[in-house]
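Please go over the structures that come below.
Next, two complexes with chain A in common: one pairs it with chain B, the other with chain C.
After this line comes the complex of A and B, so read on.
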């Protein structure tokens, strides 16, 4: 119970810490001189606010902790101390922000601080910098950071210490470190455990955190049956392939690259960019399309967003409306079909109500067939037309079926709220515009055909 | 006498072939069905296995066990002796298997013995054997799988089309040469894209412009004897105008000579078993087929194909039994000579169990095969396709298990090529596959019965669903009675019972099972109606129960006859029959319990789920047991 409460508080605490971070940066900009090291770890601790008070501190701490009166002033002081840590990283980062540089900073600290003074601040600073140095997913680095803690000092030695929160600030720092690991999906290993035992003893908050991580992480490792690769391909064609196969979910689906991205400069100096067109179609879909009644139109619709980790790509579908209930033609039963056994019984008995089973499925709706899908770098009608003509090779029927383009002015409006009126449902603001996105759907966002925007909602055109 | 019988029979109009077929006996054999059956020609409309679905035992069909006349038997034995001798002395199965070819001299020998025309009427130069006699010879030809299959492809399906639906002219033209073996026949139905689905047959026959012949185009796959067959029964799509004047593609059977030209055969397939038989692809390229070579009607090929397939299966029971009898001899020899720990192998319980299993299986196969053959030999147009399918399923699976057990007795030796066991095992495997896979035949067995029972029970079930109180109370009473082990008296036992008293227990078990089966079928129909076609696991159980019921009937009938006329070692038969019935009784009860709604014994839902998950991934889903997550 207690542990749970403490953990909750720890989380509350986490929200306090970031607020101090921007201040650090500004402080750094203002102060050109390097301020002296460490100084007041005590203050730093207190500045984290009341939350910490609920962490039962050992008696030693309680005594030495001065009452927090002027928070602002204190903050300034922390900034100072943190700044020095920050600066340690800035300095090593002058050449390159790599793992080696990060390691160097840790090494520099451990060398300089034989007694590890200010290690808590240093670790907090390091945790902040990890993403910047690109080591946030490196277990070894976390272990090295943990190694910065002095060993055996914080291990409780008697029952009172064990009962109360021994060295809460250090413990909380280690918990923060473990939490950052958790957020990045890094599972601790035995080294982590050994370090934690050495630093905090067998029964401590970081140890508990470690145990919880080890309890849940393995269980959740394969919880997603459709894992997205952690590193997405940077090539838009590969990315499109990945996204399409993810939607298709049919092992027979074939991916066809109808056009590779291509840039050329014409004689007049005009730059021509041909977008990529990647499409999928499964044999079942080919069969469905072949059976499609040529008098009914098929639609090219899109773009629809698909998120792959932090990248949003857009896809288009070729579909038709479901047949109205009256026009559904069931294949007539041919008694001369099966050579060995009757495929149907000529009985007038229906299935009993009690044995209908749970066939009812909310997902089992007649939405009309989807014949093919594609992703392209440029969602204008000309490009999509090219896709359709590519499809015609395998689906001759497309030459006879009227093809309607119902294109939303889609992804562009994520950027320009001005176009919002065109969309019946403006995209929720929660959909972030991710900078790293450019590789996937960048061109689509920027180069949507202008004419589309002018038409309300849908641009319609009949392909010959 | 025989003539009388035919005139009496309702089947006067069944065609000259049958008339000729039966007349033939006048000369050579005494009419094979003994006297007491002569008056029962009217009963042909009923069939035994179908009535079991209604919970009825049509005793007259299966009791007493069919037998053939003395002179016929003598004649048969005269036949059997030289064939047996030939197979023992002149057939080198090992060599046939290794070379994947039956030597020409062996084939010539077979032809001389007349084995290529066993069921061709004598007037066309065949042996004109009845089904029973054909089954008897099948026991011997089965000693070599390759020869058995070559012969079966030739006459059980290859030339059967002419016998069943051919015109007199076609018979006169083709049968004599086929019967002598000068020409070999093949049955060409399967295509690369069409196994049992007639709709996907792509071979086409188009009428030539002058209307004198058809042009045949397409290719057929896995054609037994395809490499050298001279006469082929080929099924192809032709354009037919139906009554409403709509043009439609329908299947038509053609009699195609290799001499017509345009026929090429592919390389023989390299098979696991029956390696000596020839199986290959046959390609037709604009083969001209004269109009008079259509078998049956244009557009009536489907019926022809179905009749041929349905009629060819019954002999597998006797073939399996023939093989088993030989294997039992060979294996027993080994088990009684080999010693381990100063004890003969035959003294070990687990080895003894295998012999009991083999003997029981052989006994059941034999009983079923000759019961069915006897039923088919009765006058009229007996529809024994259901029984034949049952025999095929039971005997193919029984053979496979028994050969495997026989091999097991020899242990490592059986696994080597020094012994014939591995060859038998390989040869035997095809039995579960060809002439309709056992899965498909189970569907056929169950659905045919369901259709029959459904027609009769529809009214009753509808009444029940409508909430007829009297009906419901009656049902409840019936259910209650059966749950207390009550059963209907079918008259198999007791005074005037048809089963010998020493088999009375087994007969009671059969009665109880049949009674329960009737109500099980009823409840299945009540629950699923015509959607039963989609409930394959239910149908499989229904088929398994009916197979067991027919097997129980066959052994009871046979053993009763054996005791009654004092056949050699009939006490052993009683033992086998009782053992089998006891075992089948429990199996049936278990399966019928599984058929009940919400039965804990029924795992169907889970089974389906497992399969669905695996098939979705198209792989084994589980992680490796050594995998770790941390």
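After this line comes the complex of A and C, so read on.
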């Protein structure tokens, strides 16, 4: 019944419309609201909004007019050569690999023919090429790619089609597209949902995948207690600042730039590049260093890796060995630090089994106090000497304390998996830091001249 | 290690001849495809020849090891028999009921490293490396290595670049499985020192059906990096269910009565070296945390 009605309506249309027919002979026209391709609405819709097709025969538009004349016209237009999937992208990539070029490639495909044959392979190829063109994080590009699918063809129309995984290849392709979005952490928007409903209907696999994305992504968006900004600063000083604020573990810490990166050309034509030195010291660390016994040495250890998303920076640490258990002194808290309530209470309360609190039955790891941290462009001893001299401004103790350098120490032994002794006995690189004049005088009084360059807080390359 | 269970043909009885014709022979399928369910067969790299040795050839006899093994099993059996005399899990009843914190794993010597197994995507043909050793002063463990996200070129693997540290299944006497019972706790407490990379903690409970074998409850472990130790407290209600790496629609809270293993995995698609130092892993009871489950157990077919 429905089919007879379809036929009548189409025949009616066929008599009215042939003059308004577009250049191509295909009646299989698709209407899409967001498609960049202009379509003339020549498709008849029934009361349910479903596109009507011819019941019998091919998708030739009407049996009254012979399609042969159009064929000849069309043959000249259709390019019948065998194209590989990547060809469109390669053609476009010759100019420049940008988002505009990628969009052009998609548009070229959609404009090429109405039927969009090979759209599945095209979309797979596009997904692979996205990284080259630099558009893998762009939601609009994904939506445009999803638009390449023909609309309403793959929507199941009855329960049998819904049961039997209607158009499985196309559904799998759309699921792969959404999976690539998921891998890059891009949240889809309402355009994606509308497109998916138009293409596959509501109970399809891509729609289900979209629902999962929309359920889990908001839940895991703010789960990181130490978030790293998506766009990392390109300036090494800013990056060092970000890294040091992160590892300092103290909100009161201040970051000081001891030296900005500087390239100088001397008279002889040599280039001298001075690396940046950015250091941090929190008030607690200053206090610890002030209390440090000058007869015990302090060590400069490093470089240790710190990953910020996909960038690895290295930091150096100024620390001392832990005191042996016999020498530890528990200093009482200064009651003047807090005038409103006592910081230490010595109450004789008995705690029973159920009130043990948060103490785990583990021995406390004492690795010695950390006094300061820094990040620098070049990790050699001269640069770190400069850092120490810069630190001496705030901590006079450093002038009297012997400083040993343990570079390339710490858990950065990635080369040998076999058990290597972790603590290097003072190897040749651990030299006592003695200024040039007093060679070999031992860890006695050491004079330092500190040169801190007064420069704006951004390096030269960055626009103010 | 225990032998894999091999399917046996039903004994040819009265109806045996008829049954055997209906029995699906693996060799009869096109391409020689394997019909054994995934839950029984260990992973076989594409291109590797199939291991078709009969079961009796897979046993290795060694007398010295056998004697040593018997001694070890006897010690474990003795411990297993005498512990209940003291109380549940070898502790006095009052202590077991009232304890709020328990250290489950700590790394105080080389024998602690035996309880852990390290693997990376080298098993599927990737180029990542991962090694485990004791840290400074033998007090911590250090997992280090480097990741490489280039997928192996075997035609079917799409993603790669991961490494895991997983605790081995705890065994009591005669190689039987024991499980951790953490019903009186509700938070996982770790002390770690990472390098800023995001890890994932996986808990594998004991399951009943073979389809549930790879059910793993996971949650994220974000490391800060730096020289200071990081205390991480994750309530068990936050762990979500995933199967073979895919998060599931039908979520359920983690049952704490039979936990088998804990694992740490790194797969953040960034090539480069990594390191993670773990001081101890413990469980504790946080009375302030009353949440049962953090995610909804929502409908399977929601209307769109």
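To be clear about the criterion, the second predicted complex is superposed on the first by the 296 of 464 C-alpha atoms of A that agree within 3 Å, B and C clash if a C-alpha of one lies under 4 Å from a C-alpha of the other, contacts with A are read in each partner's own complex, and residues count from 1 in each chain.
Throughout what follows, a contact is a pair of C-beta atoms (placed from the backbone, for glycine too) under 8 Å apart; a residue touches a chain by one contact, two chains touch by 3 or more.
Source: prediction; values computed, not measured.
Counting residues of chain A touched by each partner, chain B versus chain C, the larger count belongs to C. In the superposed model, A:218 makes contact with chain B only, not with chain C. Contacts of A:388 after superposition on the shared chain: neither chain B nor chain C is touched.
Judged by the touch definition given at the top, the superposed model places A:120 against neither chain B nor chain C.
By the touch criterion defined above, A:309 lies against chain C but remains apart from chain B after alignment on the C-alpha atoms of chain A.
Contact with chain B, but none with chain C, is seen for A:336 once the two complexes are overlaid on the shared chain. Touch criterion met: A:187 reaches chain B, while chain C stays clear of it. In the superposition on the C-alpha atoms of chain A, the part of chain A touched by chain B in one complex and by chain C in the other spans residues 219, 354. Of all the residues in chain B, the ones that touch chain A in their complex are 189, 196-199, 250-251, 302, 305-306, 309, 436, 440-441, 443-444, 447-448, 450-451, 454-455, 458, 461-462, 465, 525-533, 597, 618, 623, 629-630. Within the complex, the chain A residues that touch chain B are 187, 214, 217-219, 221-222, 251, 334, 336-352, 354-355. Residues 183, 197, 202-203, 207, 211-212, 215-216, 219-220, 223-226, 228, 243, 246-249, 304-310, 312, 315, 317, 319, 353-354, 356-363, 365, 367, 370, 373, 411-414, 417, 419, 422-423 of chain A touch chain C in their complex. Residues of chain C that touch chain A in their complex: 94-95, 98-103, 106, 129, 131, 133, 135-136, 139-140, 142, 144-146, 159, 189, 191, 195-198, 220, 222-229, 247, 249, 269-270, 272-275, 277, 279-280, 282, 284, 294-295, 298, 301-302, 304.
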